[in-house]
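Quick notes on the structure that follows.
Per-chain numbering from 1; labels A, B, C, D, E and F assigned in written order.
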Amino acid sequence: MKKMKTGIPGMDEILHGGIPERDVVLLSGGPGTGKSIFSQQFLWNGLQMGEPGVYVAFEEHPVQVRQNMAGFGWDVKEYEEKGIFAMVDAFTAGIGKSKEYEKYIVRDLTDVKEFIDVLGQAVKDVKASRVVIDSVTTLYINKPTMARSIVLQLKRVLAGLGCTSIFVSQISVGERGFGGPGVEHGVDGIIRLDLDEIDGELKRSLMVWKMRGTSHSLKRHPFDIDNEGIKVHFNKILKKKEEVML
Amino acid sequence: MKKMKTGIPGMDEILHGGIPERDVVLLSGGPGTGKSIFSQQFLWNGLQMGEPGVYVAFEEHPVQVRQNMAGFGWDVKEYEEKGIFAMVDAFTAGIGKSKEYEKYIVRDLTDVKEFIDVLGQAVKDVKASRVVIDSVTTLYINKPTMARSIVLQLKRVLAGLGCTSIFVSQISVGERGFGGPGVEHGVDGIIRLDLDEIDGELKRSLMVWKMRGTSHSLKRHPFDIDNEGIKVHFNKILKKKEEVML
Amino acid sequence: MKKMKTGIPGMDEILHGGIPERDVVLLSGGPGTGKSIFSQQFLWNGLQMGEPGVYVAFEEHPVQVRQNMAGFGWDVKEYEEKGIFAMVDAFTAGIGKSKEYEKYIVRDLTDVKEFIDVLGQAVKDVKASRVVIDSVTTLYINKPTMARSIVLQLKRVLAGLGCTSIFVSQISVGERGFGGPGVEHGVDGIIRLDLDEIDGELKRSLMVWKMRGTSHSLKRHPFDIDNEGIKVHFNKILKKKEEVML
Amino acid sequence: MKKMKTGIPGMDEILHGGIPERDVVLLSGGPGTGKSIFSQQFLWNGLQMGEPGVYVAFEEHPVQVRQNMAGFGWDVKEYEEKGIFAMVDAFTAGIGKSKEYEKYIVRDLTDVKEFIDVLGQAVKDVKASRVVIDSVTTLYINKPTMARSIVLQLKRVLAGLGCTSIFVSQISVGERGFGGPGVEHGVDGIIRLDLDEIDGELKRSLMVWKMRGTSHSLKRHPFDIDNEGIKVHFNKILKKKEEVML
Amino acid sequence: MKKMKTGIPGMDEILHGGIPERDVVLLSGGPGTGKSIFSQQFLWNGLQMGEPGVYVAFEEHPVQVRQNMAGFGWDVKEYEEKGIFAMVDAFTAGIGKSKEYEKYIVRDLTDVKEFIDVLGQAVKDVKASRVVIDSVTTLYINKPTMARSIVLQLKRVLAGLGCTSIFVSQISVGERGFGGPGVEHGVDGIIRLDLDEIDGELKRSLMVWKMRGTSHSLKRHPFDIDNEGIKVHFNKILKKKEEVML
Amino acid sequence: MKKMKTGIPGMDEILHGGIPERDVVLLSGGPGTGKSIFSQQFLWNGLQMGEPGVYVAFEEHPVQVRQNMAGFGWDVKEYEEKGIFAMVDAFTAGIGKSKEYEKYIVRDLTDVKEFIDVLGQAVKDVKASRVVIDSVTTLYINKPTMARSIVLQLKRVLAGLGCTSIFVSQISVGERGFGGPGVEHGVDGIIRLDLDEIDGELKRSLMVWKMRGTSHSLKRHPFDIDNEGIKVHFNKILKKKEEVML
């Protein structure tokens, strides 16, 4: 089984090589845990290895996403021009100037079918092997009973197109789980990013909860975010304070 | 009373011989706990002992299920050809190419009656003595008040056909119980798979909560998953940290 | 006040003689706690003492119930033939072959009035002094606001007919209480069966929470289930780990 | 301010003399805590002191209530005949034989107005100074938004008639509070009866949470129930295990 | 900034002088915590300092309120006659005899506009500088989404009329917060009264959580209620047992 | 990247220079935590540095807001006259005298579009580089499913106009998170103000949970409020008592 290296320092050691090809990984975390940075770093590193990618921007203006990435030294513009990276604008609905310079625009944000069509086109155009949807939560935030079927549809399409995908899942601070049972059982892998207050200080850590098709570290690893992105301490363990399990 | 050996290393010791014939066992666990692997291993081991089986795929594409199984060395294709194993496709609804090569397809996934008809046909065709429904949760995820009656219907049909069955039940991380009172009281046995963070590391364990018609271990046993599947440490106990009972 | 001996080893010591005649006792517990075994043992022991009984099967096929009982050596068939024991089939709705050999069938499981009529007939026919409804939960599982009035109706009818009754109440793992305030305040007695994980092992215990018309042990007693049924250790106490009360 | 002695051993010491005249006291507790016994003992003791009383039976058949009371030696029949005690039948709705021998019957149990009329008549007929409604919870069990206004109406009527009243409030095991904010803020006094498992044994205790118009013990007092009713240990304190407050 | 002395022993020390003029203070507490006594004492002390006041009676009959106050030696009748104190009857809806002797009656208790008109009239008539609404909770108990706008309306009117006001807020035992986010963010100050069981005994304490326009003690102070009302121990601290914060 | 200094003593040290230009920061806290003071101090300090600002008053009358600010020595009137500060009245709906002297009035408080128009006009008129919406919670308090889209709309407009913004978010005492998942994932930064009882005394602290485009302290810092506003102890840490994480 081929694995896609994340290229994130320390992460491939934890994944025993990378994310198995065609897997859909739920990247789950509360606000400020680094989900967008992780997934952008995954795409950027793919581009450096010659693997085309698609980023779906649901939460930020595509222009802002490009700026954020550039702030870490990940300037995707030349890759967009070369036709090996695509940004899907699922933020502006085509309102404002974005329609003049964005190529892939989802106009009706409540229409999953249209979204899948636009995404599929972008994937085919750049021959993407890596896809990030940031976030998948937005697709069902106001229709939770649809969550499972939306995630399964996306998984079917993207796996069918040969992509390895990260679905960003937004959860609340202190929420257990990864975004709801319908979602977390439907994906191939789950990585959770945590930001916990321990003795008056916020600590970052991540843990791989499942990953179909590979063994992986079962430990909680601390990580840092600096101006080069995420670095995971694959040889360290963070022990959280004792939890009360309900 | 005849017992069906699971063939999973360590598990039959825990079950004092196996699962009593015609019992319906709820196999309950959160995401990443190994439910699908456990149930596929149960079927595969049955095939090795000459016991035909049926696997109902609700959560993954049948092709993917076969690949996943093959990854553990459990290649079911020849058994399908021999007519002693059947895959029920309750995933694609017959959309796409699956209808060309899948024999048992549930077209309307909201129609429990149709599902039971297709399942019954598969069971009769291969003379199945083992059945896995992965997962039964999907059948009532959006209609929880129907859960009890759906489970009882399935149990009646499958016991009537002489099958010993595993119903996979998806629960959330940290959820107590096994999938709702209507379900957990209706089945003959309950096995729960757990994945708990202890001192910064995820630990796997399982416990048999009930099993009609046999005594069994009442202890929490650790288990591992490697490239040969599940191995249960029937002579070890895992003590979880103290829980708060509500 | 006359008391009905349960005949379950250790139990009558705990009840200071037995269940007061005409009381309705809620037998409450999670899945796998032994509710059905307890209530079947109560009926069987009554038959040995010459006290006719009725068992209402809501959760299992009547044939299966008879088999389960026979597995403990409690073969009720000859008592059915003698006309001092009756099984009420509230499981099949008369569908299938059961209508050929079951005498008491509830056809519309949502019709409480019909149920009470069938039950009343069975009670009168065998002159039952003991009745078990397994479970009463099923009667209001999808209409919780009716729970209180259904329980009170049944209590009125059965007390009026001179029966001493056990109402099995299904609760979830870890649920406090006994099946909802409308139910637990309406009955004369409450016995709760527990199955708790303590240091990696499941432990069985029971406690009598109330019993109108008699004093009783207020202690938590461990019990075992073996191939002769339940045995309660009336001179032992189980101390659960400290609970957090909410 | 005149106080009504409860006559329950130890209780008047706790209440610094008794319940202030015309107060409405919420007697709150889970199943099996002794609410009915407490309130019946309050009425019986009133009768011994020449104070007429009314008992409203919502939860048990009036005949059963009289039997239960007689079981403690509190035979109210002669007092009913003398016209200084009345039983209001709010249980049978006049169905069955009760209409032949019960004088005060509430026919439509959902009609609060009719209930108040019947209750008012009974109070006037026997010139009641003590009233027990067992339980007031039943009046709003399926219409919680009406709880506050129903309790305030009853309070207004009964205080207007010069009665000192106990309203029995049914709560769930482990429930905090006394029956809902609308109710517990509307009454003049609150006494809570508790039944808690401590080290494997059920312990009874009570505490007065408020009592308008009098000081009172603020301590948790253990009590027993034997065949003479309730005895409170006014000079003992029960310390429950540490609670987690949410 | 002028401050209104509460006159409650120990309280003005805690408030560093009193409640800032025109502030609206939420006085929040569970049943039996002394909210009505605190607010009545605040009004009575105002009258002694020549500051007219208005009390809105939502929870008790105005006659009862006057009696309760008189029980502490706070007889407001002469002040009503002098026209410097007014009672608003928001309890009887004008039903019964109250309409013969109450001057300010809210007839439709669901009509906030009418309530504000009646309250405004009373405030103007007596030139009130102190107002108590006991309780404001009743105004939105069955329409929680209106809570914020009702509180803001009242605040606007009363501040506009130059009043310093106490809004009594009823909360449940063990409830965190002060009566809902819409309410607690809308007021100028919050004082919470607590009644907590510590080692088998109920302990009274209060804490000022916010007070616009003044510094104040941030400590939890114990207080007592005796036949002269509330006395706060401004130089003592009560440390509650460790709480679990969720 | 340019940063906007908050000017709040100790805060810019924590933010490693200030809030990145054009970021939208959620300022989240319970009642009495100092949210309004923090945001007013941010605006006032901007004015001292020549940076125009807009304050949207949703929770208090604009006149009251000006008075509150003046109480800290922050008299904005001259800045309003100079046309470099604007107050948006989203409180009175133009009812009362405010329409005579307030320039920016939101008439229909349920109309987000009108609100954005008025706000946009104010921002353009004063060429605002700092904006405070106090609070954004009010905009969706009764329509939680709209929270995400409202926050994203506002963010788009304000970032488009070049403003750096603080959105005040009201949460309940003891509530985890920052105001709901839709909101907390949509903003660029999150600062939470806390007020916790520790050993019988309320303690103030704040923590920066995320801030796009800058590193920042990850520690919990204590702060004080006195008559000059907020002072943060950037070189101190507050360790809260151990929390139970659910």
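In this section, contacts are C-beta pairs under 8 Å (C-beta built on N, C-alpha and C of every residue); 3 or more make two chains touch, one makes a residue touch a chain.
Since the model is a prediction, treat every value here as computed from it, not as a measurement.
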item	value
Each chain counted as touching subunit C and subunit F at once	none
Rotational angle, Cα trace of subunit C fitted to subunit E, multiple of 5°	120
Distance from subunit C to subunit B - Cα centre to Cα centre, in angstrom	30
CA centroid of subunit A to CA centroid of subunit E, Å	52
Separation of mean Cα positions, subunit D and subunit A [Å, integer]	60
Touching two or more other chains - residue numbers and ranges from subunit E	176, 240, 243-244, 246
Contact graph of the chains (line, ring, star, complete, other)	ring
Going round from subunit A, first to subunit F: chain order	A, F, E, D, C, B
Residues on subunit A engaged by subunit B in the complex (per definition of touch)	1, 145, 148, 152, 156, 159, 176-178, 180-182, 184-186, 190, 207, 209-210, 212-213, 215, 218-220, 237-240, 242-246
Complex contact set, residues of subunit F against subunit E	30-32, 59, 61, 64, 68, 71, 91, 135, 137-138, 141-142, 170-174, 176, 195-197, 199-203, 226-227, 240-241, 243-244, 246
